[in-house]
């Protein structure tokens, strides 16, 4: 092996990995640090990488926020994807983009391997590696957590100290839980969360105030959609990442988007996580609301039936797969008229749709009205409709009754 | 035609129908009034029926609350059914039971027809009539709203007055909206709700306080489940109907379960409704939470894929159909171990799961832990797992890359 | 009503309809006769129409064979659609095209209505009319069979005779069965087929010899595919309609594609039909064979799961619906690499795939071989793959065992 | 490790495994040989096992044919399961039963491990091991082909010879292909089949004559079904295994059930196999035919949609999984009235349904007839049925037209 591109956060774990790769594989390490809106300074990662001997031209720090939201979050939102009925897939959706960019850098610098810092128990290893293999079938993948013997926190820190890797004070004790963050969400798991009967302590949350601490006064916003994607808040046009960031602000303030979940990992075990998806939670509700008005029933129901499968594919790491793309093609076909405005009330953890309108509305007051509809709908048609829908049940009833 | 069994609420509309049936068809009318927990006195219905000449032995008033919750609401809740992702199907699920009982009464009294008061634009006519035809394939069905010429409120009231049917003062003007209620929910639609951009006025709500008016203090409850069904609240065992009623009290107090929805009716149009499902909303969340711990992933994901179909069948009125029963058989097979306790926090419109435990838990702290798992899980297995999951993607990537 | 466009075959029934429309509605009739490969002369239809007073400029006779195969049959074949597991949808797929062209003509000549000759018991009325309404929502639809009183053969013939409509001798007795034909298939139903226990008499078949009468010698052909569609037979490039016609010749000769089916109609009853789909049967097998080599498993299995739904939509007449188009978008996305050659043996009713090859093959002899694969596949990966797939089952087994 | 139960065929490979286990693991080997109708003498397996030092009480030879067909083949046939649209799953369905019996024996003799002779590239290892783990979560599994270094035929034979394991002459050269057989089918793969463009040589087939060599005269049989399962042929009641054996005879004679398939293995690669499923192919067609008459449309279509998933689960080895059991519960619920008689014509590779009848038939000649139905069906109902089915399409058309 010659060169390896490491997904590098600049934190303790991936710094240890950086050093370990240099030692264990005797190869040049290229670092890649992505800004996905996790809300951390990225320049310190550059300094640290340089300190560990990574060549300046081998340090990649990319702002991927717009691409992330436009090409990953929004397409997924179009599908109303919820894993196991509840989870908005905030971690899952970021991995394919990191993998894609890592592979691009590998091609650019002539690296023959990629590495990541995900453990052997989680889903992220799968998501990274399926991405790598789909996009670069012959690349070598290194997953240090599955290989090395630094299997306890103590040994990891010993390794760091013996290799001049700075260890911040808060990393010295056992972290009470582990987190992942990007523009869509923050997830927390492990340690104090490991007993699914124990209530999640308030200090675990970092992206939202608690509903109890949210303002006493509700706030009303509008979101405009075009072809299935949000494009403006309160009438102000915003780029994808800016829009999601703004929704995150609203969500944070109003205590929106907390989810305490026991979920089924692709690797076969159950885990308990706490997710905060403030803006995404608002967006999900709003998208459903604009679809209610603009999607035909046939399209809507087909989407609802395909949704769990789509979500499972994203969760399991099959973003770059033909079947996810096929489902996306179906979903996207349905979105051409999903434009209009949704009004929402935000209040103490809740998102309440209070109105929706669209130039493409399929809602017909003329047809639905209880009042005189002037022939828009002939109630007598319902008799035949019911009779023929009932025919097979009547034949059954006669046989079995 | 000889005798007809009318689903009779005792209200103005069905009283007019009663009289109209006597006149138009010259037949004996049998009334059936069901207590499904709608929260109205039923004895006045008896007096009114008698007044209009219905024989005492032809007046049926049944308390169906326990049957309703045990045999209709709970089986549906086991399926986590949500129509169009959001609606808990409170109206839909009551119709089959009414139809079933109406048919039983028809057989008992030797009636050859049944009648209902649902209009020709809605779903309820379909749900009633599919139930009738499935259970009594050769019964005659009368749907006065599709037949008569009393098509305006004015004419209906004129008919009532000219036939000595009492018209209460609040019925004289146009009702601002139309409602349906039972132990699971109250729905409202029409009139002031007809523009889906207009916010629903507060006076529409009857089953819940608004989140803003809910207590400042959160309340925590526990629900115990056995084999997929709730059996106790805060440790106190309750019958199905009592349990749902108690959850309704909690939900009402905390402003839980309001839903403003634009939905697709089976008859082909969109309508806008406001639903209040206080207890059902709590129950839905709690059931998902106990399943998270006790259902295997394969079962859970299959349920999630079948859920939209199940909900559509219930919504469209196909409760008594082989395909709903097949789905129920699959769902029920999955519930044998869905027992345990869920803890929930109720606060200003929100239901928050804060813990769940079960003697049948499939969650293994030993396997999932970030700490030393003493061999419960071999991280190296993940390498092979990923490699073989990736194989087809690599072959694809080699071909297409 | 002013003008009506009638789907006119030139046969007895639609000639009676033509006259009846003129009389009953007092309107001008425009005739539309489509060549879909049914194998009948169409010019006599012109003469007959003229005879009944249709203006020359109101007689439309269109050769739609290429459009039919290219835009309807082939897209459906890409989906491997089989209704109820067996039926290749030969009648269903022709109706939307007829409806579309009829609506186009209506717009062209300024007609405000369309009419068809399908009965009130079948699926075709639904397919025609859903097409009309989807493409021209406000058009008036006339279905004489549901309106008039010519409900017996005798009265129909009387009407014909009293209006100088020629009645050929073979129409005078009761036809032993009813047929529909186009380039994809011939269907027969009714009369001698009405008892599903009775064997279909040999004289019912018109498109194929019986397997017993097929040649004693098998014949081998190849079909080339490009992007999911067949483009050549035995290396000779052919237009869509020519290709299907040629496959029909092969199928006819070798007794291929007969299907005796009891099916469920959309209108709620079961019917028994005999279908002959000679070329389509060959094509269906061949398409599956080329997909075996060129489609990824994820894509293939998703297609298999969506197939029954797609077929149901086509059968029920929802060709011009958002959900059929969404499924088509998914299917078409999968077909970009479905190119290559399939070799088939045709013998006495059977179609046997004997080989397939493709420049886009995903089959890797190097990986699959029982012999030394030189590291293309590491068998030890399977251990981890199985262990993690088994993990949830082991946790279950420990709980339930 | 103490004792291991080996799935032992008595052939060369599993004999080598037997010896290798004794040597490598120094443990006692218990052999289990199942009669699944593979058509081989099993007593030689006993002699060979004894020769290699297996204690008589540790040699298990069980006739599982009836259990195999009754509890595995028939339930799968009720689901009309076809993997990738074509494959009747003959190998897949046998593995869970072998695994189950092996685990039972392990418990009986106090063994702590099980072993099988499947390679690391195939599906069978997965099917065996998922079965083991589901039924005995803590059992140790040994898969010698993934562990040892006998990776070429030459080394295997050397090992055999150096350990006094008899090597029959035909095993000395490279076998031209590999086979698996049981009462349901024989599969062949590898070697001469490895190029999917090459036609399968006639000598590969062992269970059927070629269609060309089948009798010139068609043969007609009837199969009686009860509750979804076949119970009699030509009126003669037969046990499950006897019935399938008899159908195999018919199929063999008439050249029925050959399938040349390129399929997607669960482990991620494509392989090419030749399957012969003579009786199963007849049964599959017959079961569909009796369902046509006795299953309601709703049940039938739901089954068709669930079928591919069911087949995938069986193929991938998830027989003992909650999701397969849930699907089975749904399928079995549908079969209570699937009784009656199917008549089939067998001719030169083809199975042709020529009639079906049932006391539970839902086919109504009275309703479907082209002739006067005396009011059984009111054609005018179709107008309303179509109008309401079209309503959403019209609203769409008005918006988008």
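So that you can tell them apart, the chains are marked A, B, C and D in the order they are listed, and the count of residues begins at 1 in each.
Note that in this section a residue touches a chain if its C-beta (ideal position, glycine included) is under 8 Å from a C-beta of that chain, and two chains touch if they have at least 3 such contacts.
Everything quoted here is computed from the prediction, not taken from an experiment.
Counting C-beta pairs in contact, the pair that comes out ahead of the other among B-D and B-C is B-D. Legend: contact pairs of A-C compared by residue number with A-D, A-B or B-D; the interface matching in over half of them is B-D.
Rounded to whole angstrom units, the spacing between the C-alpha centres of subunit C and subunit D is 32. For the pair subunit B and subunit D, the distance between mean C-alpha positions equals 42 Å.
In whole angstrom, the spacing between the mean C-alpha positions of subunit B and subunit C is 41.
Touching of two or more other chains is recorded for residues 264, 267-270, 296-298, 301, 309, 318, 321-322, 361-362, 364, 367, 377, 380-383, 385, 388-393, 395-396 of subunit D. Considering their complex, residues 80, 84-86, 119-121, 125-126, 129-130, 133-138, 143, 145-146, 151-152, 178, 190-191, 194-200, 211-212, 218, 258, 260-264, 267-272, 288-289, 292-293, 296-297, 300-301, 304-305, 307-309, 312, 318, 320-322, 343, 347-350, 352-357, 361-365, 367-370, 372, 377, 379-383, 385-386, 389-390, 393-398, 401 of subunit A touch subunit B.
In the complex of the two chains, the subunit C residues touching subunit B come out as 296-298, 337, 360-362, 364, 367, 377-378, 380-385, 387-389, 391-393, 395-396, 399-400. Subunit A contributes residues 264, 267-270, 295-296, 298-299, 301-303, 309, 318, 321-323, 325-327, 329-334, 388-392, 395 to its touches with subunit C in the complex.
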